[in-house]
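So, here's a batch of structures to check.
Shared chain: subunit A. Partners: subunit B in the first complex, subunit C in the second.
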Partner chain A sequence: MLCPPTGVLNRRCVEAAVMTGLALNCHINKKSLFDRKHYFYSDLPAGYQITQQRLPIAANGSLTYGVFMGNKQSRMATKTVRIRQIQLEQDSGKSLHDDLRSQTLIDLNRAGVGLLEVVLEPDLCCGEEAAAVIKELQLILQALGTSQANMAEGQLRVDANISVHHPGEPLGVRTEVKNLNSIRFLAKAIDHEIQRQINELESGGEILNETRSFDCKLGCTVPMRDKEGKQDYRFMPEPNLPPLVLYDSASLPAGTESQQVINIDQIRDALPELPSATRERLVRRYGMLPEHSFTLLNEVGLLQFFQNVMKETRAEPKKVTSWVLNTLLGYLKHHNLAVSESPVTSSALAELLDLLDSKAISSAAAKQVFEELWKGEAKSAAQVVSEKQLELMQDREALEQLCQSTMEGHPQVVTDMKSGNPRAINKLIGLVRKATLNRADPAEIKDILERLSS
Partner chain B sequence: MSARALWLAFRSGLGGRQAFSTKGSGRITVEVIEHLERLALVDFGSREAVARLEKAIAFADRLREVDTDGVEPMESVLEDRCLYLRSDNVAEGNCAEELLQNSRQVVEEYFVAPPGNISLPKLGEQESFQHS
Partner chain C sequence: MLGRTLREVSVALKQGQITPTELCRKCLSLIQKTKFLNAYITVSEEVALKQAEESEKRYKQGQSLGILDGIPVAVKDNFSTSGIQTTCASNMLKGYIPPFNATVVQKLLDQGALLMGKTNLDEFAMGSGSTDGAFGPVKNPWSYSKQYQEQRRPQSNRKREGTDWLIAGGSSGGSAAAVSAFTCFAALGSDTGGSTRNPAAHCGLVGFKPSYGLVSRHGLIPLVNSMDVPGILTRCVDDTAIVLGVLAGHDPKDSTTVQDPVKPFTVPSLSDVSKLCIGIPKEYLVPELSSEVRSLWSKAADLFESAGAKVIEVSLPHTSYSIVCYHVLCTAEVASNMARFDGLEYGHRCDVNMSTEAMYAATRREGFNDVVRGRILSGNFFLLKENYENYFIKAQKVRRLIANDFVNVFNSGVDILLTPTTLSEAVPFLEFIKEDNRTRSAQDDIFTQAVNMAGLPAVSMPAALSTQGLPIGLQFIGHAFCDQKLLTVAKWFEKQVQFPVLQLQGLMDDCSSVFENETLPSVSVKQ
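And then the complex of A and B:
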């Protein structure tokens, strides 16, 4: 019989833990245990937190992530960070410090709610790697549906443990940095703390094993009050909770209530497609670079937009990829808009790409159409093309005549061209284009000119 | 609890994994007492209290006389029970007002606490705690 003050474990917490453990390639412990971690703080009314220190629900996993290399962020390298363990635990309340009135306000609404803690091994070397890891973890959790992982809303909380050492020597004394509520601050705080420790050690100082907080206004880490010195948490087994036992299809006991039984194999079979698999699928199916697949997944809503365009257009995947990642994303970033706020819909872009694909317009004209569509005046691509008279000349004969007359009007340039001067032909192409009011494809003009002058 | 379970509890004992170990012949140092007082916020107060603690440790130490080689430690007397899992439904709550009445001081829906843990005086600075 369980003592009521301990609380009762929610089945969904266990399922979420197993899903997350499987997604992170962990070994799922069929038996895991609960412990009490004791410390005094106003947001922990019981004076202890139930956690899984000795034998957590999952251990020894890995997370593979991509880091952009080089200045132009154009190449992608794949790295792996090891997962030490995943454990179920209770949340504490939330403290709001009111320094003005010298008091702390405690919100106990989330106290006792189930948490999943993912512990990583110290395989990371800088803020950028940590940021990439957390981004990937967010995508995985969102794909699993176990968390929306929004850091600003506290759905995902990250504490960083940082130390420095000379190569070949053992790990140095670590500090723990808390109060990181965005990926950007996480990277900044880590890089700042690394530098602070290096500076401290190089000037003969020492690093204290302390907890620090990231001050976003100052852009640096500062010691946190109340967390001085090494804590002795007096871990002990939680006397009110029996071990948590999980089953697989082989060990499933007959005749037990299905509500009380968790089958790891069943959960594994029901796992949704993970981000890494999605990216692989995009690369395989559409022939895009890995970097592109990362960008598509990293931007909220972009993958859906891309897939919607692909569904409605005849254009080649490479063209669609380029327009979505370069043109559309470029405009969105410039105007600081989310994909959901894009004035150009996926249907509009699909229509535009169809016009381009059928050579009804040139790519320069397509860019103009896009700019017009961006104004969001509910016109279709076709309407914009006809309004601005951007259609490509379809009359080949008329074009040839124009080329001919331009050549006759500029005999010197023609001579230069024939003698191999590359600038000469470009000048002719420019003249013909002007004559056609930009409604001819430069490549086609070049073709005709070369033929006529041979 | 059945007699067999009781016997098992005796046999497994503390093993080698206890979190607390005594030094020498069982006398506990001042540092250990001060450490315990800070961790658990208890006040040993007197020599008699410390002596009682030493006797309690000596009593528990007798468990070490049991040979536990090759015996799996028992983590919990509940080890043969199933951990009950409840379904993910909201069955209770909405009692914020009632709970807030437990506190002397509240601000909106927050409990009011001092600005942080109030540290005990440092070692050497404290007045002696000799009560009794």
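And then the complex of A and C:
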């Protein structure tokens, strides 16, 4: 369609840009400009894309993110990547290449839709850092409500610019890698490209400033057919869109209606809690490690699950954290399920933790109960406990008697125990436990044995 | 009836002297008879008759929509019209049917106007003769006027009969010819460098260019976004005011329209011009100006002075740079605006299938004429990274200087500037095509394009007939957004001048019924 040659700016896009800029600690430009970027491509119906090349809406920000360090990924380090700028632009359509019939199908449905482009400075050094940055950006965008940022669905598209250089020397020639539709592939592609460039340079070759695509089947980057050579985009100011002017409370002209303008201060005041603030809050309130707060936020729905359990249980936060991050998450990962698909509900886990907390069951028993609940047969924790007779023995006297008789039955072990052999006492504990059908708390057994043998 | 003003016909419709359908049929009939003028690319007969029918119903029920209800109008073929072919006189868009109406078209239709058809132009509005379109050139109705036939200079080597017709001016030549030949009462043109004013001058019409931002460009296929405006062609100032009143105002679909509300208005009849200050820009006195036009310009200035107005010489010092500046900015925007024509989604597509690039190249070569392609190439050159600063940025700066020239003059107490519109009267087509489009445009736009660069309102008024019996127009330029004041002065001038009506009787012997009950005023030119 020929029109619109005259364009209209979408207010919601501008608000989203300001929100994102503020969340990324950027300076919001009170005046920004629109330009046309010209190139011919079948998915670009106007022959140009409207973007903000001269003066974008936001610039000079930063994004702080966490990377897991160490062999076991147990420690967390905080790093920062600088944001060069954020700009508003138009989306192009989508090309679907049908090599079989030598034709290309063009889907124009998304052409002209507003996009936000976030440009990072080259502060990242590997796929893992990039992955962490993108993950954090996704969380921020989701918290802001400006995008669901799902890469597989194209809501968030990432292009990586990669170069290598010796320390102390200027940045090398960069290649741009496109067609990355998951964080995993992003990290893989980057690491592969880094290695490819190193190999190339070390064998005396050179790096071309080209665009490459990530082939997930081959696991490597390949040159893209159509975009070869440097393009002159013939940037020109967009004549149909006047400069975008934003206000803050100080510069707002008197008597303006709030619908007519965008007030940066107003948007800042209305920003929702950002992931970094959420994590800090979790650490402060529940005393968990920073790493734990990251995991809770990184897994979709896990934070909500955790908070629901916290609401319903008397158990200590540390206990809840451990059960959610280790046990529940472990099971989910093992079975490749999302939190939303968990057969164990937050209520069920809360009940289980209450039983544990009141010492009605041992922690070993609790694990058994969890296993049973995982089957998803709509039984409550209490039901499972009673069915499997997992209640802890409440009769202290009976337990003492059992310990006594076990000790009498294994005099040699007792002797070993008395001589300080730690394995001996564990053996005894094991025997007593067996005798109690696991219905006794090992810690208590140990207590009694030590007392009886002293 | 067809020679009446818009207002007069509207009254006649209201009073039942004539019905919309009768009026429509008369115009359609005349369009047929003047087909040789090639003013129309598409005649929307069915649509117009249907609209006439609906208008008639409204009049019968006493519920007419306004003055424009039932009035035949024409629209230049670079405005999108829903369901009606819109070609921009280019092979690229032959057969293209837009799914929507341009805002200005919609506004006319909402007032009940009858759309007679889409008028001819230079391809994509690039040109000053309406000679370079894919559907052939437009002939100036005055070529066949009694006035011209009687007073023209005898040709030494007389060309074959029928080949010495005159150009209508451009690029809105079709619209001008349509109005001039009485086939409609008003027509929309577009004006980027003078494309409404130029043909108005050559065809003896009022050609109005509104202030940039006053009238919506949504649906006007763009040439130069920062200079294009929809233009209005009519036979008198009152008619222009009626149309402008309907068209002006903010359009949410066009971010370059001003926010302030605009109300329809009637042009007051000025009786006292003693408070008026008319400026005569000295740089517009160029050697290429024909002596007749120069003389007329001078007489017009005298006219104002003797009526009590203050007439002073002023200076627009950067005038000599404006054509080059215009050329750089115009071609740059053209290159950008034409990038969308790739044959993929609409319009002409070539048969080449090898690759996207090959297809684009062939489509664009086949679809565009030399003029368009030339401007695209120039424009892309100026936009290249290595040239951008020296050409585009520089031209923008010069443009600011040119606009400031006007601001300074207007701030010093001048109300209106008076200048020629064209260098001379309309020339014969065979004469015109001796030079190429670019040369002609550079010559002919000289008085008009600075106005587009400054975004000011301007109007070409028919001033007098030349010694050959052809119209000569003079241009009035006003302050930004003082369109009403401009029209007021123009109306005063119109009254003083009493420009003669085109007499096509020589041609119309067999259709005198068209002009029945008419006694046309005799030629009386105030010299």
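Heads up, the rule we're going with is that the second predicted complex is superposed on the first by the 448 of 454 C-alpha atoms of A that agree within 3 Å, B and C clash if a C-alpha of one lies under 4 Å from a C-alpha of the other, contacts with A are read in each partner's own complex, and residues count from 1 in each chain.
Going forward, a residue touches a chain if its C-beta (ideal position, glycine included) is under 8 Å from a C-beta of that chain, and two chains touch if they have at least 3 such contacts.
This is a predicted model, so every value here is computed, not measured.
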item: Contacts of A:Arg12 with subunit B and subunit C, given as first, second, both or neither; value: first
item: Partner chain in contact with A:Leu63 - subunit B first, subunit C second, else both or neither; value: neither
item: First (subunit B), second (subunit C), both or neither touched by A:His38; value: both
item: Contacts of A:Leu96 with subunit B and subunit C, given as first, second, both or neither; value: first
item: Superposition-derived comparison: subunit B or subunit C, residues of subunit A touched; value: B
item: Contacts of A:Ala348 with subunit B and subunit C, given as first, second, both or neither; value: neither
item: First (subunit B), second (subunit C), both or neither touched by A:Leu108; value: both
item: First (subunit B), second (subunit C), both or neither touched by A:Tyr48; value: second
item: Touched partner set for A:Pro242, first subunit B, second subunit C, both or neither; value: both
item: Subunit C-contacting residues of subunit A that also contact subunit B; value: 2, 8-9, 38, 40-42, 104, 106, 108, 232, 234-236, 239-242
item: Complex contacts: residues of subunit B adjacent to subunit A; value: 19, 35, 39-41, 75-88, 96, 99, 107, 109-117
item: Parts of subunit A lying in touch with subunit C, wherever the complex brings them together; value: 1-9, 36, 38, 40-42, 45-48, 104, 106, 108, 232, 234-236, 239-242
item: Residue ranges of subunit C in contact with subunit A within the complex; value: 80, 96, 98-100, 216-222, 224-226, 252-256, 332-333, 335-342, 344-346, 356-357, 360, 380, 383-385, 388, 392
item: Subunit B partner contacts - residues on subunit A that touch it in the complex; value: 2, 8-12, 14, 33, 38, 40-42, 54, 95-99, 102-109, 225-226, 232, 234-237, 239-245, 259-260, 262
